[in-house]
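Please go over the structures that come below.
You will see two complexes here that share subunit A, one where it goes with subunit B and one where it goes with subunit C.
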Partner chain A sequence: MRRTVPMVLTFCAGFIMVLDGFFNISFINGFANRYLMRSVTLSVAWAAGIGALNIVRLHVRNITTKRTNYQYSYILLGFFFFMLISGVVLERHTTNPFYQFVYSSFQAQLSAAVFSLSSFYLASSSYRAFRARSLEATLLLVAAVFVISGSVPMGAAIWSGFPTVSQWLMKYINDSTMRAFTIGSTMGTLSQCVRNLVGIERGHLRGSEGG
Partner chain B sequence: MAGVNVPTAIVDALTPWSTTIGVICLIGVWSMLYKENPFYRACEHAYVGSAAAHTLVTTYANTIKPGIQMNMAQNGDYWEIIPILLGCLIYFQPIRQYNWISRFPMAFWVGYNAGYSLTLRVAMPLFTEARRTMLPFFVITDGRFDLMTSINNIVFTGVVVLVLVYFIFSRNVIQGKGVFLNRWARIAIMICFGAGFGNGVANRVSLLIGRFNYVLSDWLKLY
Partner chain C sequence: MEKKTIWHTMAAVDVRFLYIIIVIAIVIPLLNPIGLPLVFLDEVIDTVALMRSIPPGSLVYFGAECAAENSAELRPPAVAGARLMYELGHRIIIGGFWPDGCILVRQWLTPYFEEMGAVYGEDYVILGYRASVTSILDTARDNFILAFSDRDINGDRLSSMPVMAGLNKASDFAYCFVLSPGGPGTGTYTTAWRATGEVDLIIDVPTGSMYNSAGNNYQSGLTAGLIGGLNGGAQFEQLIGHPGEATRSMDAQSMGHFAIITFLVVGNIGYFQIRRMEEQEKEAIKSGGS
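Right after this comes the complex of A and B.
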């Protein structure tokens, strides 16, 4: 019951999608498009709260047990409930002017600040990575220098060939290697999907006792 | 369900402070560059809390509410209760005694995505990518042999084949003179990583410039 039913559910849901993709059977196509896709969208949407629930549980526990730095949990829970309540209760939800103000002042700005912070770390990692210790490391350094110089106006001012070399590297070396990665990873994904469907791979059914 | 509204006067009074609040958040996050401090930790926690809430609000506004209001109440699609209940079973996950129930929605999603991937999402791009790799080695443009395009096509296809060989066949399989294939593949991969890294640096720097622009132009109005 605890493992067999989920495995049957996995197989049925996947098999219907495979039939829908490869065969022109009106009943299957209709069922997949009308019910199955909508079911996934709805069930995922209603399950979205599990992550938030886990965050709230963790931080409520931090506060009740007064763990180290538990004061920050008040800030997290405060922002969480303030934005959640204002987003759900207010008229027009995410497009409400007040919610827009809260979103653009806090969430959007914090997000942009956190992502821009990574450029400082990237600079420090460049310092460590760009050392010509071997042929491969030298090639990495040279390719990066050409691409960076080709993407900024100053590079083109130093040597007009930088943008051309940069574009060539991106188009013929970077794209081709990434294409090989894509083909390889896609083949891996396909085999993983088949293993999931036929029940060889059961990682998603772990996490509790019983069989 | 009619929602409540915050008076326009309050929103209008708060709006001019938006940029200042944004700059305070920026300073808080960037203060991490000096060392870990309470201001940064506060901003970090505010970010996690607001991001989690925003995800929930977006899901509610775009999927849950229209599903209940339009599909169920107006169109009478009451069958949607079944997937809703299935999705809600995931909430048994934190309850140790009953967390096996949370396998049901998980099994459904994994099965659906596996089936979908086998047909459209993954398999089709694979064929498209493979076909786009098969470029002509002898390109004739306007009745004349195009040397540069031919060399570029050979380089492109050669790199794809080399990298695929490198990943599919390990060193143990390719021995003797075949090892040089691995070396060329590694060279191509390192150039790719270098180019990708350079591109990443350029993108991140543009984000950084955007933040400086925000402080100097939007907040301080220097230009």
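Right after this comes the complex of A and C.
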């Protein structure tokens, strides 16, 4: 029962969505848009709720068991509840100027700062790890040098051919490879969807009893 | 004892030394721009021409798909795009499915909208973040206002705003201008509105890291315009006659890129030198032994 009902529901919902995609049947299209598609919003809301609970649980446990660096959990929980409560309590909620100020002064700046650190890792790895150890690695390295040089004005200032070579690599080599990747992954997704739809894939229903 | 050469010293260089070089390479051109000329790509020139060809009064969807970490790359084309749209008399509907997207875009664009005299609710509106992108874009194909629950980012009624006049479904948009650091991004709109024939023209504004897949969509005709990365943003700014943040940042990006190329080249030369010396030593030991 615990497996059959979800499988039947999955099949029915999935089959209606397939019909909605391929046919103009007002009852099916209406049902799919009005109920099935909008139910995704509920799932997303539940997922966000579960995610929030998990974070709180994890960090409360960090503090109570005094795990390594548990002090940071105080900061995380403090900001978590501060943003949550101020977003709910303040007038106009997340569009309140105070909320916006806190968001843009802390969250936005810290996110940008953390992301910008990647340039330092990139510099370090380009010097110490990216080696032309094989033919493939050498080709990759040469292509990288041309694409990097061709995508900035200094490359064109050094040699006017850099942008041309860079564009050629991007248009012909990169695009065709990306297309192959895209088609391959789409076919994989499609086969996974069919497996879920007809109940061959059951791992998500009862843990390890996938088939 | 193994003989230490300059290559061995360079291979063991302190990583902080590399970090300092990168900081210098980026900060100096930011403070003193060199002003290197840009190479204009056809895709950016064609995108500007496409936007200019859309008649005044047309409705335009602005996909605020971004987060703080990609603001350095996406803010300049977002500002330039909104400027051009307003100058061309397009009515701008800003929506986004990244939690931070609409909040950030509002911060980026509000000063420029105020400077240009654009009126909220008449010239532009910000829909605000919504969860569940697929269902909303799907519903918007038939009823745009219903899909966004008839509320903007401030909770005000969309249906009472002049900017929404004539906007019933997604097909009423002349084009979509979508910032795209990943998913949701241009691919989401292409699947929801372009593949279904609602909106023919989608302008893709990806980050540099998404540019490789964006080129694929542009070349195949799935997207009608492409402004890729900070470089595309700088070209876009110059083509519309408002050089700004991207143009100023290009010298720093040039220097940063060339520092990385230098690291690549020097690192590899060192690697091969050390390997060659090690092989020579091995051969010497072998020949000595035999």
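The working rule: the second predicted complex is superposed on the first by the 200 of 211 C-alpha atoms of A that agree within 3 Å, B and C clash if a C-alpha of one lies under 4 Å from a C-alpha of the other, contacts with A are read in each partner's own complex, and residues count from 1 in each chain.
To be clear about the criterion, a residue touches a chain if its C-beta (ideal position, glycine included) is under 8 Å from a C-beta of that chain, and two chains touch if they have at least 3 such contacts.
Just so it is clear, the model here is predicted, and its values are computed rather than measured.
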| item | value |
| --- | --- |
| Which superposed partner A:W159 touches (first subunit B, second subunit C, both, neither) | neither |
| Partner chain in contact with A:F15 - subunit B first, subunit C second, else both or neither | first |
| Touching partner for A:T41 - first (subunit B), second (subunit C), both, neither | both |
| Which of subunit B and subunit C A:N96 touches, first, second, both or neither | first |
| Subunit B or subunit C, by number of subunit A residues touched | B |
| Which superposed partner A:V145 touches (first subunit B, second subunit C, both, neither) | both |
| Partner chain in contact with A:A132 - subunit B first, subunit C second, else both or neither | second |
| Touching partner for A:P6 - first (subunit B), second (subunit C), both, neither | first |
| Subunit B versus subunit C as contact partner of A:S105, first or second or both or neither | first |
| Subunit B and subunit C contact sites that coincide on subunit A, given as residue numbers | 38-41, 43-45, 48, 92, 94, 103-104, 107-112, 114-116, 119-120, 122-123, 126, 141, 144-145, 148, 151-152, 170-171, 174-175, 178-179, 182 |
| Residue numbers on subunit B that touch subunit A, as the complex places them | 2-6, 8, 10-11, 14-15, 17-18, 21-22, 25-26, 28-30, 32-33, 41-61, 63-65, 67, 79-80, 82-84, 86-88, 90-91, 93-94, 96, 99-100, 102-120, 122-123, 125-126, 129-130, 132-133, 152, 155-157, 159-164, 167-168, 186-202, 204-205, 207-208, 210-211, 214 |
| Interfacial residue positions of subunit A with respect to subunit C in the complex | 33, 37-41, 43-45, 48, 92, 94-95, 100, 103-104, 107-112, 114-116, 119-120, 122-124, 126-128, 130-132, 141, 144-145, 148-149, 151-157, 163, 167, 170-171, 174-175, 178-179, 182 |
| Sites on subunit C touched by subunit A in the complex | 11, 13, 15, 18-19, 21-22, 26, 36-39, 41, 67-72, 100, 103-104, 107, 128, 131-132, 134-136, 138-139, 142, 153-155, 208, 211-213, 215-216, 219-220, 229, 231, 250-251, 253-261, 263-268, 271-272 |
